[in-house]
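After this come two complexes, each holding subunit A, first together with subunit B and then together with subunit C.
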Partner chain A sequence: MARKRVSRRRFLELAGKGSILAAAASMFPRGVFAAPPSIKGPIKIGYGTVLSGTLAGYGEFHKMGALMAQDEINAKGGIAGQKVELEIRDATMKPDDAIKTARYFVDSWGADFLAGIDSSGQALALGPVMQQLDKVLIVTHAATEKLTEEWVFKKGVRQIFRICNATYHDGNAAAYVAKDLPAMRWATISPKYEYGFTCWKMFQDTLGKLKPGTTFQTESFAPAGTTDFRSHINTILDARPEGLYSTEWGGELITFVKQAAEAGLFEKVKHVLFPVGAAMDVLEGLGKEMPDDVWISGRYYFRYPDNQTNNEWVARFHKRWNHYPAYVSETAYSSLYALKAAVEKAGSKDTKPVIQALEGMELDTPAGRRLFRKEDHQAIYDVPWGKTKADPRYPIKIMGEQKLVPASITFARPPFEGPGTRPPF
Partner chain B sequence: MQSIVHVVLAGLSNGMFIWLVASGLTLIFGVLGVLNFAHGSFYMLGAYVSFSLVRALSPHFYLAMLFGPLVVCLAGWAVERWFLRAVYRLELPYQLLLTFAFVLIFDNLVKIVWGAGALHPPPGLGPLEGSVEILGRKFPIYSLFVIAVGPLVALALWALLERTWIGRIVRAAASDREMAAALGVRVPALFTGVFIFGTWLGAVGGALAVPYVGVLTPGMGESIIIEAFIVAVLGGLGSLKGAFLGALVIGVLNAFGTRFFPAFDMALIFLLMAAVLLVRPRGLFGVARS
Partner chain C sequence: MSPAAGSRRGARALSWAAAAALVALPLLSGKFATYLGVRVALLAIFGTGYNLLLGRTGLLSFGHGGFYAAGAYALGLCSLHLTAHPLPGLALALAAGAAAALVVGFFCIRASEVYFSMLTLAFGMLIFAVVWNAREITGGDDGLVGVMRAPIALGPLRLDIAGERAFYLLAVALLAGSLWLAHRLRRSPFGLTLAGIRENPVRAEFAGVPVRRYRLAAFVISGAYAGLAGGLEVLLESNARPTMAHWTHSAEPILVSLLGGLHSLLGPAVGSLAFVALREVVQRFTENWMLAFGVVLLVIILGFRGGIVGAVEAGLRARRAGRAAP
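Right after this comes the complex of A and B.
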């Protein structure tokens, strides 16, 4: 009969390893942060964002936020006692590149979690892929409501969460701002793809209900990569609308605003809404060229909320990077903290318990208190709208007069079909 | 009326950039017989180099516009002298492969030197800032300048090729390079010269585009080379007259498409090209090549 015996040498070896482990463990904070036995480090987070092309400015801001979160978390003992390892790669704006990046992260690099993703087309393409890879992806920028409504809610891709606000903010909340403006005839110059179409449609539906009689006669959609908006601007000038709604964003919004100013558009059309105009690369890129009294918003605005958490974060960010944080910096930063909170709550970095921990989780972030809605994994939090104005304290235009349209009245509600699921409620 | 005039103006100014790129492309094809896919890269390099020079030489905007394209000519010289010369005798696919490789090389070079992101030239480049009122609507003075430069370049090119001694030699080498060589023309040197000149035309387009497009990206050469190719094919490969006319047509058609047929604005120019090629396979002013 064979008996398992522990030899003297093996015993000493094990004892030695044990004491090293014990010594290592004592270096980390104990209590809630102490690593439960099931978590092995490091915690690897793969971050995909656009780092090339006209929209690369966004990627740089993602990077700043994500790196800052990584360094801060590691300086304070990591996630559940384990070090965070972050890798940031160029996922471009193309769906196939996003899929390639996700597969690389999970299959080759061994990522535990994924975050980032800028375009709606990419996010939608990742739906089935994330289910197959079975890793949690926190979307920090792509805004299409179809991601959370179709993939997460209806088709049950529970691996995807979105920490930034969605097209609900760009379309529905914009309509709440527009309803109080003395403009009945609206037009748009927007991107000629999913995001541009869906926002404009939402804006029309909601504003049409809030203010019957409003007309939407002119639309001019510019393909991705447009550098010459002059023909589009002419279309709008011909139509003489009272209000202009535009979901152009990033470098293309910068180009569009410059060319629109040359053509005198802002003198002819008095009420202008840029739902993603409060992006830092746009505010910095245009500087004083950003016209006054344009309504702008985004997925976070660095001067809101005016509380200690946010103000201290903005100060730290500015000190390290010499920029004010863009909205993607905040969503990138908070996505790492959301993963930290979820892993520590779940006591595991496995996909299933982390999903359970994230569902319904409330989290204090620089943008304020976020709630991850259980049904569709959409984060609920408020972002203000504001009218641009110059301020001697800043090299950029900031929001002067502000208006807050709460997410609770503008975000569509599950089950997303039938009466009472779309605003106005 | 106001609308039509402005659509035409926007189309013309856009068409002039396509013309500057297409002129070099078609000139190089006409004389050297090479389809240079990397020609859009010279446009991109012209824009980037001039942009850097504008910053360095500020406020001497026009000096930068003058020197920028000359710097790019060095790249053109290197490509022709050390690489293209080796494939003149090979078939077209080899030339396309080589020049396409240069598209990727130059794109990545720009990413290394200037970064992968977009550069936004600051406002107030040069004295042609501001707009004039045309039929009650503002139009940038700089765009008018561009619309004026295009035909001037066309006129200068025509005079150079048809009215000068060097033009005669170029035309001679284009129609029969063996005969020209037998008569004492140093054909390889001439080809290098023509290639550098074509490079310069594309780079001038890029330099002029800096204040116009308002954004520089590493891929900017790729979108314009497609339009320039369409223009060159439409006008007849090798024909400068055809390229000029083609560029005007494409520019204006694009502007009209965006304004009046937004659903298929991008399809319009391809439809036109298909139609022209069906009726005149060699393009509007193309001649049969032996």
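Right after this comes the complex of A and C.
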């Protein structure tokens, strides 16, 4: 009797599993799997970004940029005459969800290309997966230099490209801004994870070489999810540094700035650098509460470059979404155009020719001219640094005095080991 | 032939057919369904072990993500620094899960009910913090990346598990082994004693049962299951990450046990299938999948007493009773 009951339950489980998965499998279109060498059918692009949790706002900005690119490309005849089909999926911030999303796009939905990805952990976890899936992934937000140095350059995962700038901009370029400031004693309040540690180390290495005698006295690392920065702020105030460097970002930067303003930090510390302070969620979130004369930057700033391409794009973006574009909107938008250019140059949507087309490709984008470096697939382009100031034309603080540190002198160079590969060159 | 024997034979034939279908699944469906099948199998192993503690012994732990992570990092470190062979890695993962559970359990089983739960939560998050902060060894929040799925080589025999299908079969085989072991444990005097402890620990104590030692044993066994599942996930995704130890991950085996049915062997496995499949389906329809998914889970857990398996069994019993009555 007992045996029979177990068997029946087992049967139900097995039968249930089989039928549900079979039904699910039949739901997935799998026709576009093996794309023929000539370009046929729609160009399917799977876009994975964070659409849930506290950082969902970033995903919304990704979406605005990606949707705009899709609609504009399709309105002008698509990619090589084929329609672009975009699917955007919540990849959360977790590596396992990013992997699942990538597998869904390629193995089930039949994506030709992938783009998106927010966290560094996700990007690194996708390295071997993209090699296995053998589809091009254009990373639009994750900034870890390990992705391009280790996976692409050293381990030869040629399927991954990065269109946004890397930690080099947040660490090395910040040091170039700091060297011209009359501050010799620096401190940091930064995120207590790899991104925060890496950038602070780059900043110290580069600034130490550019301006010998600079001291880095105090560091206070705030764990992910910190909502009360007062103890960190007090640690810094007690040390009385002349300059503060902080790679806090997103909602945590907003909280930190509000609490720091209350504590009078911006009066006591004259020189403050926020490498990702020019992110639109921060500028919008703080509004007029963003203090003046703070140095900010990002992966793109909507008022740079001041040329027709960018200004028209910003105007179209603002008209459609009633927001100024965030940097992830620009990288998302440009990632689709990079794929368009590559497919049209290669005359194929197959992975290998598209990789060849992307390597060393130069592309005009709203953020300016980008070059995909051949060795590590990192896009080289310039993003300015600027001092915050109010402007009656905008509800947010914008960059007043700007300083441009070219990516060509701040980005580490292949082979990433030995002398002459890290700035200053 | 008695009707009971007939239906038993029929059930056995059906279950063989179902097992064959399970094995054939990767041949019939796409790669992504196979991949999801592996995820279901891993979650089912995790949940089945966990339910020996929750459903059988009546202990609610919020720290099993820690043991899962112990197994994951054990396999990851072994693969990156010692040998990429999956067998020693998986053995280490199992041992690491059990060892971590032994240490944590030693302190936790002293408390009971909510105190026990809170202690396990604290220890789980302690493991999370250690993994997050020991950057030199664990890679911090980036995790251990680049673990390769090497073939299982046994002398002249070489089993390549790099492909999805082969790995799916390995996962299903390990799930079958896990279920069989859990089944044997539940039927053994040991398992029956655990149930006795769940029903009335005081009475068990008076009957001369060393309650703490039994609880610790159940805790360690479930930890070993968690470690195995963690190790397998590293092979699947080729990375280990600190969030595996986070309490939100510890909640998953609780959810699948509740979903499938606390008091049955197959409950967590059925729950895992429902959990993974439901999320996949919901995510296809809405971007706000978390909200919709939460509501669906709530309805199932509140609506089906005894979980999916419990509800199906009750339904079958009612039908049988209806047929028996003239």
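In this text, the second predicted complex is superposed on the first by the 388 of 425 C-alpha atoms of A that agree within 3 Å, B and C clash if a C-alpha of one lies under 4 Å from a C-alpha of the other, contacts with A are read in each partner's own complex, and residues count from 1 in each chain.
Please note the rule applied: a residue touches a chain if its C-beta (ideal position, glycine included) is under 8 Å from a C-beta of that chain, and two chains touch if they have at least 3 such contacts.
The shown structure was predicted, so the numbers you read here are calculated from the model rather than taken from an experiment.
Asks: A:P305 contacts which: subunit B (first), subunit C (second), both, neither?
Replies: After superposition on chain A, A:P305 lies in contact with neither partner.
Asks: A:D96 contacts which: subunit B (first), subunit C (second), both, neither?
Replies: second
Asks: Is A:H232 touching the first partner subunit B, the second partner subunit C, both, or neither of them?
Replies: So A:H232 only meets subunit B here.
Asks: Given the touch rule stated above, what does A:P384 touch, subunit B (first), subunit C (second), both, or neither?
Replies: Touch status of A:P384: no partner.
Asks: Pick one for A:L124: touches subunit B only (first), subunit C only (second), both, or neither.
Replies: second
Asks: Is A:G48 contacted by the first partner subunit B, the second partner subunit C, both or neither?
Replies: neither
Asks: Please indicate which partner A:G81 is in contact with in the superposed arrangement: first for subunit B, second for subunit C, both, or neither.
Replies: After superposing on A, A:G81 lies clear of both subunit B and subunit C.
Asks: If we overlay the two complexes on their shared chain A, which of subunit B and subunit C does A:E262 touch? Say first, second, both or neither.
Replies: first
Asks: Is A:P275 contacted by the first partner subunit B, the second partner subunit C, both or neither?
Replies: Neither subunit B nor subunit C is touched by A:P275.
Asks: Overlap of the subunit B and subunit C footprints on subunit A, residue-wise?
Replies: Residues common to the subunit A contacts of subunit C and of subunit B are 51-52, 90, listed in rising order.
Asks: Which of the residues in subunit C end up touching subunit A in this complex?
Replies: 4, 7-8, 11-12, 14-15, 18-19, 21-22, 25, 28-33, 35-37, 39-40, 132, 135, 139-143, 145-146, 148, 183, 233, 237-239, 241, 243, 264-266, 269-270, 273, 277, 280-281, 283-284, 287-290, 309, 312-313, 316
Asks: Within their complex, state which residues of subunit B touch subunit A.
Replies: Checking each residue of subunit B against subunit A gives 2-3, 6-7, 10-11, 13-14, 111, 115-118, 120, 123, 131, 137-140, 213-215, 217-220, 223, 254-255, 258-259, 262, 266.
Asks: What part of subunit A is in contact with subunit C in the complex they form?
Replies: 1, 3-18, 20-22, 24-25, 27-28, 30, 51-52, 88-90, 94-96, 99-100, 103-104, 107-108, 120-121, 124-125, 127-129, 144, 146, 155, 193-194, 197, 224
Asks: Can you tell me which positions in subunit A touch subunit B when the two form their complex?
Replies: Residue positions touching the partner: 51-57, 59-60, 90, 219-221, 223, 225, 227-228, 230-232, 234-235, 237-238, 251-252, 254-255, 258-259, 262-264, 285, 289.
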